[in-house]
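First chain written, first letter: the chains are A, B, C, D and E, and each begins at residue 1.
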Amino acid sequence: MADMERKREQILRISGVNPRKCMRCGKCTATCPSYDEMEYHPHEFVYMVETGEIEPLLKSESLYKCLSCMACVERCPRGVEPGKLVEAIRLVAVREKGGDRITANDIPALLDDEMPQQAIVTAFRKYQK
Amino acid sequence: MSMKNIENNNETYRPLIVAFCCNWCSYAGADLAGNNRLAYPADVKIIRVPCSCRVNPTFILRAFQRGADGVIICGCHPGDCHYTSGNYYTRRRMSLMFSMLDYLGIERERTRVEWVSAAEGAKFAATMNDFCETVAKLGKNKRLEDLRCKQ
Amino acid sequence: MRKISLDRINDLFAAIAAEFRLYLPVDTNGGARYEEWAEGKILSDELNTVRSAKDFFFPQTENLMDFKTEGKKIEIVDTRSETEDFVIFGVKACDVRSFDVLDRVFLAEPQDSFYKNRREHSLILSMACAKPHETCFCTTFGIDPSAPMGDIVCYKTEDALYMDAKTEKGAALLKKIESITVEDNGEAAEKQKKVIRERLEKLPLHNLTADRFGGDKTAEFFKAPEWKELSASCLGCGTCTFVCPTCQCYDIKDFNTGHGIKRFRCWDSCMYSEFTKMSAGQPRLTQLERFRQRFMHKLVYFPANNDGMFACVGCGRCLSKCPIQMNIVKVMKTLGKGEEKNV
Amino acid sequence: MQAVTREILINKAAELLGNGTVDRVFGWKKGEFSYDVTPALFTTREAMDADFVFGDFCGANFSKYLVAETRKEGKVLVFLKPCDTYSFNQLLTEHRFDREKVYVVGIPCSGMLDTVKIKAVAEGIASVEDNGDRVTVHSLFDGDVTVSRNDMLPDRCKNCKSKKHVAYDELIGEDGEVIDSGRFDEVEKLEKMTPDERFAFWQNELSRCIRCNACRDVCPACTCEKCVFDNPDSGVENKAAANSFEEKMFHIIRAFHVAGRCTDCGECSRVCPQHIPLHLLNRKFIKDINEFYGDYQAGAEVGSRAPLVNYTADDPEPAEAVERSHHDA
Amino acid sequence: MQRIGVFVCHCGTNIAGTVDVAAVSESLGKEQGVVFSTHYQYMCSQAGQDIIKNAIAEYKLTGIVVCSCSPRMHETTFRKTAAAAGINPYMVEIANIREQCSWVHKDTISGTEKAIILGKAAVAKVNLNAPLTPGETPVTKRALVIGGGIAGIQTALDIADAGFPVDIVEKKPTIGGKMAQLDKTFPTLDCAACILTPKMVDVAQNDKIRIFSYSEVTSVKGFVGNFDVTIKRKARYVKEDVCTGCGACTEKCPQKKVPNEFNLGMDNRRAIYIPFAQAVPKVATIDPDYCMMLKTGKCGVCSKVCTAGAIDYKAKDEYVEEKYGAIVVATGFNPISMDKFDEFAYSQSKDVITSLEFERLTNAAGPTQGKLLRPSDGEHPHTIVFVQCVGSRCDSCSEKGKEYCSKICCMYTAKHAMLTRDKYPDTDVYVFYIDVRTPGKNFDEFYRRAVEEYGVHYIKGMVGKVSPEGKKLMVQASDLIAGKQLHIEADLVVLAAAIEPDKSARPLATMLTASMDTNDFFTEAHPKLRPVESPTAGVFLSGACQGPKDIPETVSQAGAAAAKVIGLLCKDKLTGNPCVAHSDEMMCNGCSTCEKVCPYGAITYVDKEFRMPDRTTRVRRVAQVNEAVCQGCGCCTVACPSGAMDLKGFAGKQIMAEVDAICR
């Protein structure tokens, strides 16, 4: 319990996000281009961080589906910045695991011409500690 | 041992605090503290003014000259002034004034501005308790005293 | 004449201070001023102090009496006490003369007991002016800066201080410090006098004369049209008055302490619009009138009542301190139509 | 050395007198020594040829004289240095005189010399010669001393805030720029001291005050009909500082009264016979105002709203402000 | 020299329990000016008041100090007592020794000591008190209403009904405001025009009401009861009293391509125009930006067709000066600009419209004669998406929108959705909402009907993106309850844009010295107890200029403002608060500092001739306080460096005397 609270604090500190500002309009989720890929959606990230349900988020693949396009940040009428929250949780998850999920050297092999440029850039940000 | 220490050790030393309270919020807040029997030291003596913006910096210096050890100005919260903007002017005037006193080496803890609404009796009492304690720790006002007034 | 070498001057001060409160000019951020001597205080080399030596006898503020109040009762408290003897060291000739001017005011009947008390308890060690300034014009009023008055006259050369007693009080003091001084034949002092007199010749205001002024000139100058131009840029501040060694106007005021009243007097200036604004109101309503008053007083009214003695000693303080550079010399030259003494 | 000469100014004045634009000229009149020039009125070219001077000791700020001068008939010509024009505008903002009755000729200024500093160079000043970068002081007994001109400038000129004229009818020479000067350095130095050191500093400075009122009477922001310190009805009247409290009282309240209105012309410090650095009080207010409420230069434009008659909803709180003025230091 | 009586109250044991009242009375009896001192159980009781009255008579008292409860409690009581005994009520001062002493301090020694000090301060103040008399000013019995929307109309009608003359100033060529542009009104679905236009006619026909249409207020001077207002009547190039409103000119004008602002630019009008059929006054106006005659001097068609000879190309702006006793601000609102909301493609597609545009599209007098057609191609839309809270409830630091809830959107969106489904049952209507707020009478029922009876799809969630694709608008939104992201192919998207105060309100507030909040809504004197008054005396608030409001609320506030105005205009004279600022003219240097800080505009400057101490006569600019307007805050007293400005009842010397007494 205490550990969760600590992680929550850590996430809030890293992201600088105040989830209490959320008025639950769902515009972030409405905007999200990765919606279909995600188990938890931007508004759920915000809500779950607020209520302290960090563990499912840390375990969820959704963390790595976020493109960090920041559309949710741009559109949020309350300035909550869900995208930053996702990034922060990702960072906590990465720190916890200790190692990189993949190394930079692995990436060229995974490249796909069809893949959008932004996704590649994001991958670097995401998978490198 | 310096003068200050001797006085502080002397149990009878109590600071003299002059509190300027605006009629509409803070004076009412002080009344509410009374209604709720929220104690604060008798060192605090309140002067009623229509608005915190009525407080001329001269009054503050005058109080120190005459023997006050601390001066506190209380008004409505910014935005809630009965006269719409008085406390905004108070805020600027006192910011500059206090900064100047500090610049002259006069202990900045001796002056304070607090916003206390008519509903904040508890805040009034807490503020006064805290201010009295702070000023008591500083000891007697020496830097703005006029020895002629002390007999 | 007694002599002490300058490297032992502190011993001299210590010896005097052992007996009396000793005041001497020391340097500060704001120029030279008289301070009480203590170990470590160094005698200033400045010609003159910013404030004159009149402060010793006629301080800027002084308490006259107290009223103690309790409820509706009032009690009068006499706060006067006998002053201790004190020594003022390094007073220049002009300032020494200013004491004569002030004496005329304060020691005339009815005598001012506060002033008199201090005057009687003072010992004045004057100092010849080795290097007069361009603003000096004491000779205009017959003052010799090389031979000032006082209880003891001092001459300071490169390496020694020479002291010559002029009064019994002075001689008594010299006697007391006999052990640390040596007898001197006075040659060095005479030499310095000569140098000073030569230097006086070079001063720009050397030829200024007060001959055109005096007690009988009221009619001639009172309505002079020049006052208008002279006073035009005067700010009406009190700088000239407060640095002047001879200005002696004061106001009496009450200060309510909350427990009673402190009645005190403080310097006032005839340049102020509030001057003598008692129940009747200030008699001089324009700056021209106030300006004229100050100079007429020094050059005409005062001599009229004091056997021709001018109430200016030519110290030059107002020349260097006036914010707009208007001063008694300009007044004298303008009214005197530029007349100067033939050399 | 000043960029503009006496002759240029006399010619300009004669032209304006001649074509009826003005009927008198406010200028500087020569005195006994090189440094004792007096503000004076001239009405003819002849008078100016005889007595008008312009040079390194013409530092007096003429703006305040206009309050009285414009009460007279006719129009007056006044020569204003850049710093004087700020006071000029500030006085206009406060409706202190009629703009129509003044003809302003803006003149460039390369800084005025400090008489106190000159006198410290040699005893008995015969004359002072300005050779551009260097100044030669001819003394009565000790020969000549040559020093750097820059070293002879008073603080207000060393830290000149602007060479730009913010008001004029006509300009002689090129206009300059507002300067990013180090005028707050001294204030910052004081802010960095401990409270005890600051108290000792000011106690020492202010204790010299003789309450001659020169600072107030020369100050272009002090144009009250009657000063509260002269007015027995104000409850704070005092004629002479009877103790150290009253010294502080006078200078704090005077600085507060001109806060937001003081253009930092430095006249107060120039005229103080006791050399009290009074401008450091005013500059503290200016610095605080700039830091708390955004940069504000009094007199930069006519009609601007001074910081103390203005506010925003999110001004800093007094405690925060005092704190800030510290840590920024 | 005052003769002061001190009266110490026990307040039962409330005071006497902690304060030695006898000692207080005795100690204060020794103070300067005090000639009588006593204590009594309950000073506020009849018996206590009689003690005061008797003492006033017996000791010829000139001033009273009552040491009792807070002045907020009984100051008025004791002032009345003093007045009844023949001394000025403002010669009474209260030392608060209950709330601020006996109730907060436990021990008798310090309590008594403090009570004495507070009493001494009060005595010191009374020693300097002077009798004060409240000033009186006459009232101009005429009201000005600024804004001719439903708020202004209702206020004017109600005031006129009470028999007072009213002028309405409206900047547009006709009164009617936003309501005239609406189609139906919720929750009753009355036709807006049907209920508004009769009121407009009432206004036109009421001989107590004058309409200054196409006019603006340019200056307001004076104060409550006595405002001097300058109204600019903009040149309309048509003589208002001659034009019959026949409309011939508006049909013949060759300049046909002027965007019609009444229909929000969705169709065109001529350069000479009457905004709509029921306009009041029904008079044509020439738009100088488009009229060829005014721009080039070539045309003159309207003048030729006008049989009444009403056209006057040489007309100039005119200024009318009028006096008023009261001013009502009813400047209304506007939807905010949608330019910054790129995600909704408002500027990219004609088929993304605001709700007000939707009103015009469904209005029979609108560009489509009431048929709901897509603006882009005039086709019937089959899928309509309504988006709520566009620009409302945004973060305070957001530059896009407003922090507040615009309040009316939930209801009009329900109305639009319902009406659409009613008229065109073949359309699918989606409403995306964050919260549905329907707290008015019959409001929630209305919204439920939209859902339950009309089958409007209410979806909890927000639209994230609208992208035009061909003829369609691809709407991407979230359905938070289903946990789905929706993709809807819509034909029309309607944005419920936030509303903001009209831009003219800010300069007007400055003229009126009426305060505004950060959103430019006028501030009320008290948010609960004085909601229709501005803090500036004599200035009242009606409608959305004070905050977002629907029509019923606006109308009730309009009536309330009218009642306040009537209450003011009924009085022949106004009595003020005597504790007002006062300028010592001999001391004033005319610098205008005090004028700038006065929140009420109570200070003006006059040039006056004075005989000066130096025997000269001088014209000086000096401050004068209008006692009727001054509320006595004292801000000017501190702003004034000369000390020329002082506050009666709280004079500098009085406060300093209190300080001295406390500190001695």
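Just a few scattered comments:
Just so we're on the same page, a contact is a pair of C-beta atoms (placed from the backbone, for glycine too) under 8 Å apart; a residue touches a chain by one contact, two chains touch by 3 or more.
Here the structure is a predicted model, which means the values were calculated and not measured.
Chains that count as touching both chain A and chain B, per the definition above, are E. The minimal number of chain-to-chain contact steps leading from chain A to chain C is 2. Interface comparison, B-C versus A-E: the pair with the greater number of contacting C-beta pairs is A-E. Chain centre most remote from that of chain E: C (centre = mean of CA atoms).
Of all chains, C has its CA centroid at the greatest distance from the CA centroid of chain A.
Taking each chain's centre as the average of its CA atoms, chain B and chain E sit 35 Å apart.
Put simply, the C-alpha centre of chain C and that of chain E have 69 angstrom between them. If you average the Cα atoms of chain D and of chain E, the two centres end up 46 Å apart.
Along chain C, residues 255, 257-259, 273 each make contact with two or more other chains. Looking at chain D, residues 228, 235-236, 242, 308-310, 313 sit in touch with two or more other chains.
Among the residues of chain A, none is in touch with two or more other chains. Chain pairs that touch one another, listed by label: A-E, B-C, B-D, B-E, C-D, C-E, D-E.
Within the complex, the chain D residues that touch chain B are 187, 190-191, 195-203, 228, 235-236, 242-243, 245-246, 248-249, 252-253, 255-256, 259, 281, 284-285, 288-289, 292-293, 307-313, 315-319, 321-322, 325-326.
Looking at the complex, you find that chain B touches chain D at residues 57-58, 61-62, 64-65, 78-79, 85, 88-89, 91-108, 111-113, 143-148.
Residue ranges of chain E in contact with chain A, taken from their complex: 343, 389, 393-395, 397-398, 400-401, 434-435, 460-465, 476-480, 483, 485-486. Considering their complex, residues 21, 23-32, 35-36, 41, 43, 71, 75-79 of chain A touch chain E.
Only residues 30-32, 613-615, 660-661, 663-664 of chain E touch chain C when the two sit together in their complex.
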